[in-house]
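Next come two complexes built around chain A: one with chain B, the other with chain C.
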Partner chain A sequence: MSSATATDVGARPVRAGRRPPLAWVGTVPFLAYAAVFLLLPTGLVIWNAFKGNSGGWTFANISALNTGPVRSAFTGSLQLCVISSVIGAILGAILAYAVASGDPDGLIRRLYIAGSGVLAQFGGVTLAFAFLATIGPAGLLLHASWYLNFPWGISLIYCYFQIPLMVLVFLPAVDGLKIQWREAAENLGGSTWHYWRYVAGPLLAPAFTGAALLLFANALSAFATIEAWEDQVNYVVPQSIGGSLISEVGLANVHEGDALALGMIVVVVIVMTGYFLLQGRAARWQR
Partner chain B sequence: MAKLIAAAKKEGTLNVIALPADWANYGNIIKDFTAKYGIKVTSIAPSDSSAQEVTQIQQKNGTSLAADVLDVGGSVATASTSLFAPYEVSTWSAIPAGLKEATGLYVGDYGGYMSVGYDSAKFGTITSLSQLLGSKFKNDVALNGNPTQANAALNGVMMASLASGGSAGSIANGVNFFHQLKQAGNFNTTQATPATIKAGTTPVVFNWDYLNTAAVVGQPASTWKVFIPSDATLGGFYYQAVNKGAPHPAAARLWEEYLFSQASVGGQNLWLTGGARPSEQVAMTSNGSIDKTAAAALPPVVGTPIFLTQTQATAAATYLAANWQKAIG
Partner chain C sequence: MAALNQPLGDLAADLPAAAARRPGGLRASQRRRLKVFRYLTFTIFGLFFLLPLLAMVRFSLEGVKHGTWSVAAWTAIASYPGPPPLLSSIEITLELAVITSVVMVVLVVPTMIWIRLRVQWFSRVMEFICLLPLTIPAIVLVVGLAPIYNRIERYNVSALMLFWVYVILALPYAYRALAAGLNAVDATTLSEAARSLGARWGTVMFRIIVPNMWQAILNALLLTIALVLGEFTIAYLLTYVNLQVNLFEISRSTENAGVLFSASAATLLFAFVLLLILSYAGRRLRRGRP
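On to the complex of A and B.
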């Protein structure tokens, strides 16, 4: 063995260290894609948010953010995102735990994962209309007057895709819980409460919060569902942006839309920074 | 005309935008135009708003994808004249002076009156807007769009204003009417479409009369009624404009000639068949070229028609921007 080791060391190509590393080439398509479809549009939004309608630079679009309707749209966005992501995260986490504690190769688990994958993508006009026809004012199942209530009525509709999304993103973390940890806790005389309070809870907390933040961002950008649900009040920021682009009665102002989008970018940056910080913590024990 | 037809046929294609097939009979108009001249019509984004039409030509001009012709509301037409090419159709003199820009940058094509379409089997006959505040209309009354965005919805609120003592210069009473409607629990904030009407969700709809006909909303003519209030007879027109950078300039002009043609199967009479009132209606009634059956089928108009001026429309939009959300939120 010692001779083999010696051969290995002697055989190491001396010039290898001088060859320029080419591993980065593989990332070029991704980086180019991100630059064209993420960085460039973001840059354009920021640039245009400071442009006036008749050319030139202005802060008018930014100061328009501090008006009643826009403030209430940002408040509405935050309400809807917090409510739908908290409810979605809690119910989705419980469901994920139930799925994880079942047979890992069982039919139920496969059904849940496949079903969640489909339902997490269901949204827009079809989803809003499905709820309208089922529990709307003239619904087939019940005539729910609270259906058009903001934020609770629309939060219920958002939960329809938030809960399955939570199952999908949280399940890997729950699967990471080892049965031996529970056994160890019990061997040391710990109760179920102790296990959740001191072992599983702290381990899952970063993944849970990270997944909840992802749900938050998901709800923030949704437009078609809420627009089809309700048309008269701009409850959330994407609706205000829509209005600034399509108004045909003389109220359209594309650059004000850019300023609104800039406001959303700020919210997303804050949320995603939190997400990445938490992901860093979650990754430490998952390794 | 023969030269124009030859040039248009050579181009072979026409791009139109924001023309839903069930809007003022556009589905048949496009079909007949293609059958007549053998020019393929590409219908871009049928459900776009007037503002989006203008954005499309700003973004796509210089490519073969830009819309050749636009059909836009008054506010957008007057604000976008730098993008239009002036064109006077051969029936220019038959179009009332109030409906056309003097050099032909934009020309009124068809219009109608604000109306209330409703299911008479459910509600009986509606004779005044104030009835809608009653308890049997719980959650039933809807607009076609958001009045800060859509022309049809803005005019719906204006009709309510006129019917409750307001004037064309002030939409405040209309906003107040919808506030009361909301307080009574009668205002349904879902946008009314043929689908929501079919589902029974929006059985009372404020909309242009040509979009409120039983045929367009897919309801039996025996029960779906259209009512134009005599104390709030509010008219509105749409406008044709030719894109200055049209990729198919001859086809665009031939399309205009076709739309304003008084032929028995031509743009003006086809709009009329779809329930809209073509801009040459008065001239066609006096020269006898009008489709009399279609004209007789229009919902009756009793009061004195009011048309908003551009200043009045802008004032209404500005008031709505500041007050609509507060009134019904």
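On to the complex of A and C.
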């Protein structure tokens, strides 16, 4: 009797497993909202990337990406992302292990997680000011001249939000390491090195690589911090996009921003696909 | 922990004690090494994270003459002339935070409960949409939003209109907080019980399920507020002025203005307190369950 007629929906309680034909209507407000403010803008970017200045379809915007400034922006982004995500992932993993090995309800863990949340996700331009006060021209700690160097100086600032993000993303994986695995390794005569090399290392490897990819995507899309640090030079792609949005009037090509954004979508989608695949592999051990 | 070297009989008696402590199962020397490693790590990273913040606070307390102390930069937060005045952009940012979080809860909570109760096959689509903003960077989103906001500006030019897109930006964070809360509630059993006693679907959702996930809703609110406080990219590129954009403009016109550092420190501290509250609320939630 599970396939009752479609007309009595709402009249009685719906049995589990039956698909009420009209119940999906309840999701329409949310779907409509997401369609207008998430799917439509994304679609517009892709659509406009192939539009000519006077309408009509063209690949001119895409081929215009192969110019000096754009190439250097993409190279800059790549350098910055690789450096900051590799350093951030390694240091963040060490910190995550230190946090995970402590009391799960302890104050240190709480402080580090709350602090990581702030620095990783909600810092924005304020982080640039913090480093300006530390190592800027009138900096408190040192008046470093290399702080303006690209990519190393800016990578240091990026680490300031990459390491916390790594802690947040990698912590569940480290928490998933079971004491029993270590005991089992020791009962079989394994040393600490053996445990890390043959048990914990391989178990954490997918989660680590996945998290590093997420850091890469995060650095790629970061805009606020670098713009507040230096807005005269276009080091990275987001700055080029920002520039093309702000000075739309003088541009030879009104859809340059769309083409640049499409380029970023392509890179991010590749990276994030890798992240979700690896995350699925890592989740096997996190029950 | 000497327990591991003892005969099995004694080990059994020690097991609860061993299990109670986290890094149980390690030998004494290993435990010592772990302790040294932990404190060393916390000190080094603590310094790395704290130094820039302390430097920022010190800058904010700098007097007129170099090396003197003064709270002028902190009192200036309320009176900084701009244009636009700093206080007005703080006001707008706080209003945005409130509007965004209310719209978020009103839009997402009923939808999530509805999907859990009635249209479960839809939950994967919902999850995909909610996590999508993590994949599409704000800087890309803003390119596509520019024409849409041109349309919106015909009806309303207020910076408060930013809430439309801020809801989208906060979606992944709020969704994960809410999904965790909803998973902790046995929604099916509760709704079957309520429905068999004659409750309507509205009653089930708002008087049965929602009261069981207040903590998750609070978490979603806190995360949304923290996100709105720190948002720069979209406001700046759509030429609206919120707190972060205002600070950016000040930094361009007046180098090393003290108010930059005091306002930044205040924002970060506020977000930190929000997230610390969140972590304690989360603990109460865990303890409440058996």
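As a working rule, the second predicted complex is superposed on the first by the 241 of 287 C-alpha atoms of A that agree within 3 Å, B and C clash if a C-alpha of one lies under 4 Å from a C-alpha of the other, contacts with A are read in each partner's own complex, and residues count from 1 in each chain.
One rule holds in what follows: contacts are C-beta pairs under 8 Å (C-beta built on N, C-alpha and C of every residue); 3 or more make two chains touch, one makes a residue touch a chain.
Being a predicted model, the structure only gives us computed values, none of them experimental.
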Chain B versus chain C as contact partner of A:G26, first or second or both or neither: second
More chain A residues in contact [chain B versus chain C]: C
Partner chain in contact with A:S221 - chain B first, chain C second, else both or neither: second
Which superposed partner A:N234 touches (first chain B, second chain C, both, neither): first
Which superposed partner A:G123 touches (first chain B, second chain C, both, neither): second
Touched partner set for A:M272, first chain B, second chain C, both or neither: second
First, second, both or neither for A:L245, with chain B first and chain C second: both
Touched partner set for A:E256, first chain B, second chain C, both or neither: neither
Chain B versus chain C as contact partner of A:V36, first or second or both or neither: second
Partner chain in contact with A:P69 - chain B first, chain C second, else both or neither: first
Chain B and chain C footprints on chain A, overlapping residues: 129, 132-133, 138, 228, 231, 242, 245-246
Of all residues in chain C, those that touch chain A in their complex: 22-26, 30, 34, 37-38, 41-42, 45, 48-49, 51-53, 55-56, 58-59, 107-108, 110-111, 114-115, 118-119, 121-122, 126, 129, 132-148, 164-165, 167-168, 171, 173, 188, 192, 195-196, 201, 226-227, 229-233, 236-237, 244, 247-248, 251-252, 256, 260-261, 264-265, 267-268, 271-272, 275-276, 278-280, 283
Chain B-touching residues of chain A, taken from the complex the two chains share: 68-69, 72, 129, 132-133, 136-138, 145, 148, 228-234, 242-243, 245-252, 254
In the complex with chain C, residue positions of chain A that touch it: 10, 13-14, 16, 19-20, 23-24, 26-27, 29-31, 33-34, 36-38, 40-45, 48, 91, 94-95, 98, 101-105, 108, 110-115, 117-119, 121-127, 129-134, 138-141, 160, 163-164, 179-180, 182-183, 186, 192, 217, 220-221, 223-224, 227-228, 231, 238, 241-242, 245-246, 257-258, 261, 264-265, 268-269, 272
Of all residues in chain B, those that touch chain A in their complex: 48-52, 55, 72-73, 75-76, 79, 138-140, 143, 145-151, 154, 185, 187-191, 195-196, 199-201, 313-314, 316-318, 320-321, 324-326, 328-329
